[in-house]
Structures are given as C-alpha cells and as structure tokens.
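Both of the next two complexes hold chain A, though its partner changes from chain B to chain C.
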Partner chain A sequence: MSKIYNMTDYIKSWAKTFSGSLTIFLLVILTIFPFLSQNESFIFFFLRHFTLAMIFSIFAASWDFLTGISGQISFGHAIFFGIGGYFCAYLIAFQGFPIWLAIPTGALGAVAFGLIIGIPCLRLRGPYLALGTLAFSLILLKIFLLGSLSHIFFGSEGISYNSGPYPLTRISSNPLIEYFIVFITMIISFIVIFQIVKSKFGTILKSIRDDETGADASGINTTRYKVYAFMISSLFAGIAGSFYALYNTAVNPSGNLGTVISFFAILMASLGGLTTISGSSLGAFFFIFLEFILIEIGASLYVQLIFAITLIIVVRFAEHGILKPIIERLKDVWDVLLGR
Partner chain B sequence: MVDNLSFINMLFNGTLNGAVLSLIALGYSLIYGVGGIMNLAHGAFFMLSGYFLLWGLSFLPGLLFFNVVLAVIIVTILGGVSYLLLIKPLQESHVGVVLITFGLAFAIEQLVMIISGTTSAAISQYMLFQGFTNFLGFPMLNQYIFFIIASLIIVSLFALFISKSKLGKSIRAVSQDREAATLMGINSNRILFYTVMISAFLASIAAILYLPGAALNGPSMGWEYLTSSFAVVILGGMGSLVGSIVGAYIVGFITSFTNVFIPNGPSWAHIIPIIVIVVVLLIRPRGLFGKKELK
Partner chain C sequence: MGIILEVKNLTKKFGGLTAVNDFSFEIKRGDFVGLIGPNGAGKTTVFNLISGFEKPSSGKIRFAGIDITGMRPFKIVNLGIARTFQLVRSFKFLTLLDNVTVPCLSNRGKQVSKKLGAEEYASTILASVGLVDKARIPPIILPHGDLRKLQIAKAIGTNPELLLLDEPYSGLSHEESEVLTELIKKLHDDGVTIFMTGHVLRELMALVPRVIAMHQGKFIADGPPKEVANNKILLEAYLGRGGEFA
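Take a look at the complex of A and B:
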C-alpha cells in the first residue's frame, strides 16, 4: 500500500518540476493532436509522420541507453532494428502469427542478437567497439543481400505485403489506432528505460561508462552488466524495428539493416543529448520533420547531407545535446513570465 | 582446378590489393598511433581524391599532371582543416571524435553523390600507363604494375622518413608518449596536425594512382576501404606501422584468393575484411605486431 502511495507522491512531485510539466504538456498535445483536424487526409498525412517519429524515438532511446548511459558505442544498431523487423515480418507473413504476438517475438529475436553481438564485443572499448559493431552490421547486411542465400534471407527483395501466405498488414488500417498503439508503446518504453537509468542498475551502468577499470576494481561484474545493457537496448530497438516493419508493411536489407539506419539512431540521440533519454525523442521528431520539410521544398537530394552536417555541428558545439540548454532557456522564460 | 592462369591472377591481384591497402592502412594507423584518433573519414578521403581527379579532368582535360597534383593537395589540406576544426577540439572525448569523423565521412559521401550521382565512373582514359603486359598468358594492367612499384617505393620512403627525418622522429616521439614529447619541446598539436595531413596525403596518392585502373564505384566506395583498412590495422596490430604493411598484404591475398578460388567468390570477397576483424578480435585482439593496449 505504501508503495502505491509513494508512487502517486512521486508522480505529483515530478509533475511539479519544470521538465515534468513540460513533458506532460507535450504528451497532452500529442494525445489531442490527432483529433484536432477535421480534414481526413490532413490527419492521415501528419499522423503517419508523427507515428514514424515515435517509432524512431524508441529506436534512438535504445541507442542512447547503450551508448550514452552504458558507454558502449554502437555503430551497428541497425542490426537489432532490422532483425526485429525481419523476424516480426517473417512471423506474420509466413507463420501467420497475430500482430500482438509477432512484435514481442520479433523483439526477442533482436535480444538474441543483442547477446550474440554483445559477447564478442565485451573486450572492445570506445572506437574499437564502434567499428566492431559497424563491421557486424555490414556482415549482416551483406549476408541478407547475398543472392545465394536468398532462400533463407529473402535477398534484396526482402519481405513485402504479399510475399508470404499471410498478408503483412499495418498495425491497424486506421492510422488513428496505429498512432495510439505506437504512442502508448513509446510512453511505456520511455518510462521503463527511465526507471532503469535511475535505478541502482542504471547507476552501475553509468559507472562502467565513466570508468570501467574503476568499476571493475569496485567488484562490479562489468561483463555481466555490459551484456545486460546490450540486451535491454536491443529489446527496445527490436520493438521499434518491428513497428517499422509494420509501418511499411515491408522489410528489405538496405531499408532495415543499412548503415543509414544506424546513422539515424546516432543522429537523433546525439541531437537531443547523449545522456538524456528524452532527448532522443526530440531528435527523432526533429529529423523526421526536417526530412519532411526538405522533401516538400524539393531539396530531397540534400536530406542526408544536411543531416550529416547537423550531426557535425551538434557534436562539435553541443556535445551534450541541445535538449538541456533549450530546457534551461525555456525555464528561464517561464520564470520570468511568472515573475520569479 | 588450379590452373596457372588463376594462380597468377590470384598472385597479381593479391599483390595489388596489398599495395593499395598498405598505403591506406598506413595513414589510418599513423593517426591512431600518434593521436589515438580513429579517423572514420579516411575512406572518404580516398574516395574524394578519386572524384576530384574525375572532376578536374572533366574541366581541364589533358592536364593530367596538374589535376593529379591538385587532387592530392586539396585532400591533404582537407585533412589538415578537418583536424583543426573538428578533431582537435574533441580530443578528450572518444565518442565525440568517432561521431564527428563519422559525420564528416557521411557529409563527404553525400556531397559527392549530389555532384556526381551514384553510378560508377571510369577514369581509365587518364591512366598514366595505358595497355597491358602479358605475363605467362595473364594480362596485367600496366597502370597496376606501375602502382605496385610506386606503392613499394612510397612505403620505403615513408619508412626512411619516419626513422631518419626530424619530423619523423618527432612523430614517433609523440606516439610513444605525448606528454614527454611536449616536455621535450615538441609541439604535439602541430605534430598531430602534420600527421593527419600526411595520412590524408597517403590516402590520396593511393587513390590517384590506383583508381584510374579500378574505376570509381560510386561515393559509397569509401566505406569498403575504411573497413578493409580497419581490418588490416586490427590484424597488424593497432599502433604498429610494420603490422599495417604486413596485414595489408595478408588481407590482400586472402581477398584475392577468395575471389579466384572460392565458388561465388566475389560476393564473399566483400565480407573478407569483416570476417578478419571478427576473427582477430575474438582470437588475438592485439593483432600480429600490436604493442598498444586495446583501449
């Protein structure tokens, strides 16, 4: 009974903080937003973009958990994303799994890969780990692209709507329902990740990130925690990947396992701040909409270039992301408005 | 069936691959050994040199030598500039350097893609040495023969430079112990700056000599060379220049062997560097000649 009591107290006190109320405000907007517009096609168009942004929020947050919190630099995060997507798509299209079962199973497949990738990577630190994970993701990409193995891995065509005996449908044909399912998943994922980060487990991960030798010397079994970090991170990446597969009703090697996907995770999480989980969401929304704007004004050719330049600028000048400074500024404005 | 032709094919291409990789990996290993920096844009520098040659020659055809020199100079300067603006400010943060060089590599690739698209381009008409030489029935591109010889000469010159010249010794000093070098009056920052430029220089020389024979396979070709270079350096041992050369030829021959003798060879050949990385990291992370702790 007292645990529930503490929980409500905790939520109340959190809501009173500036970042807490800001988050609630944004969540309320996200909840009301779909109902705001009367025009059918307008909703549809933006709704799906928001849904996509939320899917990538989960993905970016999973990367941030591994790299920003646990200090394991991953340049191959597309592995977990893509495997989750492929597995989920396969289960639905070829084994007739229902969607609500395929998504978690797909995510578990991604966790298996988290284990497979995490263990060899145990002895790697820093840039070695980055390139090691990049190398693994390239192997996986090439294997999936190999024509000679396409009877197992579906080759460069991948799996699409009609590939298998069962149709690979969206989460729901109604974009509104799709939006809310992803929205709720995103909220739950973020809450879970947040709680993990704040817990003792999270503190241990941060200590491994900051000084692995010291953590080791303190008696922490760094090996075990690093593997856990990989598994947790790949779980959420796999969830995001499964959702993405369903969003597109298709999976293929370059679209789901390509290095550009890994790049997106890094990009989005870095913008928001390497150590802030919520920043990943900011980054995801920012880039999805930047891409949308660029395509609308006809500059679609320049999208990735602008992304790359943005990454360079952010890392060079605001290595800890732009989320915290923005919130600081907003807070100051808020204080001024309230006359404090 | 091992016939003579395939065997010579494998030997020649193995040497060729080794020659290219030794130059590229040398530059990569140099920056890492001296500054602890992983320059993920190294492959992009290689690719960019090739494309500068292509662009220069489309604007000023016929002035081969001028364009070659121009391409090398531009990329070398680019290396120096990226060190000053991007790498140096972020030296303390491993994640930062890796992210920013990654971003740089991506940006360069996108720029090239915007200008030249993604299709392959050939600059074979600009080869210094046209034509083939027949060796026991196997045709060898003259440009390649020239390149292999040039690569060996450059590597030897570099070895001399590093061991005898004042700058070379300063570079070695900084790589051994940066603080001590600074205490001895060496400007470590300046040395790092020169090192990055030398590294870019090596990559661009390799590009302008090799790529006219090989063709430019689109702006994303840089990543394969980066991964191969990483494989070579891991195999040879991070921080060991000798290791990079040896590793380069080993990887070169393994790739060539796979290409010629393994069924479906060319598809697997792409993965070879990656397999090398995984195997070495699992079995002997130090590599063959590695001195530095895997940090």
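Take a look at the complex of A and C:
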C-alpha cells in the first residue's frame, strides 16, 4: 500500500518539474497528433516519419546508455541494430514467427552480439574501445556483403518482403496502429532505462565511466558491470533494429549494418546531451525531420554532409548537447512565468 | 594479533628499470607503519603491487594468510585492503554521497552497509570525515583537502582491515594536515592497520611508531623513526653525499 502511495507522490512531484512537464506535454502531443487532421493522407504521410523518429529514439537512447552513462564508447552500434533487424526479419520471413515473438527474439539475438562484442572489447578503453567497436561493425558489414556467404547471410540483397516463404510485413498495415505500438514501446523502454540509470546499479555504471580505476579500487567488479552495460544497451538497440526492419519490410547490409547507422546514434544522442537519456529522443526527432526537410527541398545529396557538420559543431561547442542550453533558457522562462 | 601483510622478495621490473628490488617486510595486525624514501624510490609501486594494480615480476604477497600475488584489484579490496592514490581521484560527475556509496556497494562493503542501506551508511561515513554538508556536491569544485578526505571516506566504505595511504599529506595546509592526522589516528584506534607513504617527513615521523625505508627499489631500514632517521644510507639518499649535511 505504501509503495503505491510513494509512486503517485513521486509522479506528481516529477510532473511539477520543468523536465517533467515538458515530457508530459510532448507525450500528450505525440498521443493526440495522429488524430489531429481530418485529411487522412496528410497525417499518414507524416505519421510514418514520427514512427521512424521514435524507432531511432530508442536506438539513440540505447547508445547513450552505453556511452554517456556507462562510459563505454561505441562506434559500432549498428551491429546490435542490424543484427536485431536481420534476426527478426529472418524469423518472420523464413520461420514464420509471429511479429510479437520475432521482435523480442531479434532483440535477444542483438544481446548475444552484445556479449560477443563486449567481452573481447573489455580490455579496451576510450578511443581504443571506439576503434574496436568500429572495427567489429566493419567486419560484420563485410561478412554480410560477401557473395560467397549469401546463402547464410543473404548477401547484398538482404531479406525483403517476399524473400522467404512468409511475407515480411510491417508491424501493422495500419500506420496508426504501427505508430502506437512503437510509441508505447518507446515509453516503456525509456522508463526502464531511466530506472536503471537512477538505481544503485546505474550509480556503479556511472562510477566506472568517471574513473574505472577508482571503481576497481572501490571493490567493484568493473568487468562484470561493463558486460551488463553492453547487454542492456544491445537489447534496446536490437528492439529498435527489429522495428526498423519491419518499418521497411526489408533488411540489407548497408541499410541496417552500415557505419552511417552507428553515426546516427552518436549524432542523435550527442545533440540531445550525452548523459540525458531523454535528449536522445529530441535528437532523433530533430534529425529525422531535418533529413525529411532536406529531401523535400531537393537537397538530399547534402544530408550526410549537413549531419557531419552538425556533429562537428555539437562536439566543438556544446559538449552537453545543443538542446541543453536551450532548455536551460526555457527553464528560466518557465520559472519567470510561474512567478518564482 | 598476527601478521596481516607479508611481502617476500617482491620485485618489479619495467623493461630495464628495476623499480622494486627483492623487497621484504611484515606488518602485524593493528600496526601503524610508514614507508619512506626519496622520490622514485618505488613506494607507490610497492603499493600498486600490494593492491593489485601492478603484477610483480617475482616475489609473493600474503594478506591474512591468503596469497594475493597478482590478484585483481577489486578482489583484493573485497578481501580487506583499501588504498588511496597519490594523485587524488574521484568520480567527477557524481555527488560526494554517490562517490562514497559506490564502495559501500562492493561485496565487502555491502556486508556492513546493508543494515542501514548503502546511501545511509555512506552518509555516516561522510559525517565521520566531516564532509556530510557537502554530500550533494560533485568533487569537481572541492578544495584539495576535501578531496583527500573523500578518498579516505571511499576507502572506509569498503570496510578495510588494512589501509594503504599513498602520500596522504601531499598538498595539504597545516590545518588540513592536522585534521587528516586526527582522522587517521581514529581509524587506527578503531582497529584498522595503517600503512602509509610519506614525503612530508616531519609529520610522518612524529605520527608512526615504525618506519620502513627504501631507496632505488631496495630495502634500507626498518624500525622506530629515530633509529631510521639516523641511517647513513638513507641520509645519503635524501641529502646526497658531502660532509656538510651529516
């Protein structure tokens, strides 16, 4: 009885904080948005982009958990994203798995890779870990591209809608349902990640990030916790990757395992602030819609260029995320409005 | 009572450089021992070897009868040895409270802290070193003296039987040194065996009843401070040859 009492109190006091109210406000918008326009085709046109942004929110948050919270720099996060997607697609198209089973199983496949990659990388720190993960992702990409192994890994064609005996469908033929399934998964994922970060386990991960030697000297088995961090991160990256495979009803090496996917995770999480998990979501939305706008105005050639420039600017001027100073300003405005 | 730390023929070579050379000594439970020697004598290396941050080239280290030679640092901590570092380190972006909570969450620390809860227990440790009013502050903005106290608080969190203090007085003002001395004395009175290195000889020699001296990785002397202070080899090491200082 007292636990529920504490929970409602906690939610109430959280809602009163600036970030709490902002989050609730955005969640309300995301909930209402699909029903806003009478013009179905207009909404459905945008709807799928919102869904895509939410998929990448989960992916960026998974990266932020590993790098910003646990301090393990990953430049190869596409591995978990892509393996999740491939495994999920394979299970549906070739083994007839139902979607609700294929997605978590795909994610578990990503976790297995979290172990496979995490364990050899344990001895590496900082830039060497980044290079190690990058190397692994490039090797994996090449393996999947090999024509000679295409009977196992499907080669450069990958898996598409009717590659296998069963159709590789979307999460739902109705974009509205697709939207809400992804939306709810995103909310649950973020809540879970937040709770982990706030817990004592999260404090230990952060201590490893801030001073691994010091954590060692504090009696912490840093190896074990780093492996846990890889596994948790790859779980959520795998969920996002599975969703992405179903979003496109296809997987292929460059689209799901390419370096640019790893780049996206870094970009989106960095923009929102490296250690704020929720910032990953803002970063994801920003970039998905930036890309959308660029493509609409015919500047699609410049997408990667502009992303790269944005990353350089963020890294140079806004280590804690561009959004953070903006949010700080908004906080001040909020306080003024509330007469504090 | 009994021997808590036994170091036998400890040697550490870094390529061509022998940092610790056939070094042996024993420390009994409840002792209060200093380790002195000029810069580069190998004091920190000895500490690194005992606490597992370096592996010896040869030799043995026994703690409470257990062979801990080459064991991983966190395992050694969980057996009961804690250490502080010469260059102060901390979990920069965590609060002071979180800094001390982490060691309280180690396997060994949990055995003591679980009754109160790790955070509560960490609070009491912060209070005992006089930092509890800064519990919600990250270490980044704290003065040097407080950071040294924080290191000791973190070491206390692991409930050590043997505490290795590496140059704890370095960089401290006179007042801060006095506060630190009181803290170390209290820990010793509570039963913790203290082994500390020092460069600020006056404080150390007045504090500890026994001193081990080393120079260029080798054992020089072991005994009460007054005796060791008169050791010729040691005087030469610190002051150089030449009659005018003898």
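By our rule, the second predicted complex is superposed on the first by the 337 of 340 C-alpha atoms of A that agree within 3 Å, B and C clash if a C-alpha of one lies under 4 Å from a C-alpha of the other, contacts with A are read in each partner's own complex, and residues count from 1 in each chain.
What we mean here is this: a contact is a pair of C-beta atoms (placed from the backbone, for glycine too) under 8 Å apart; a residue touches a chain by one contact, two chains touch by 3 or more.
All figures in this text were calculated on a predicted structure; none of them were measured in a lab.
Judged by the touch definition given at the top, the superposed model places A:R329 against neither chain B nor chain C. In the superposition on chain A, contact is made by A:L131 with chain B only, not with chain C. In the superposition on chain A, contact of A:I312 is made with chain B only, not with chain C. Which of chain B and chain C touches more residues of chain A is settled by the count: it is B. Contacts of A:K198 after superposition on the shared chain: neither chain B nor chain C is touched. In the superposed model, A:D210 lies in contact with chain C only, and not with chain B.
Applying the stated contact rule after C-alpha superposition, one finds that A:T222 touches chain C and leaves chain B untouched. Residue overlap on chain A between the chain B contacts of one complex and the chain C contacts of the other is empty. Across the interface of their complex, chain A is touched by residues 51, 53, 72-74, 77-78, 82-83, 85, 89-94, 98-99, 101-103, 105-109, 118, 154, 157-158 of chain C.
If you check the complex, the residues on chain A that touch chain B are 67, 73, 75, 120, 123-128, 130-132, 134-136, 138-139, 142-143, 146-148, 259, 263, 266, 270, 274, 301-302, 304-305, 307-309, 311-312, 315-316, 319.
Chain A contributes residues 200, 203-204, 206-207, 209-211, 213-222, 275 to its touches with chain C in the complex.
Against chain A, the residues of chain B that register as touching in their complex are 38, 40, 85-86, 89-90, 93-100, 102-104, 106-107, 110-111, 114, 223, 227, 230-231, 264, 267, 270-271, 274-275, 277-278, 281-282, 285, 294-295.
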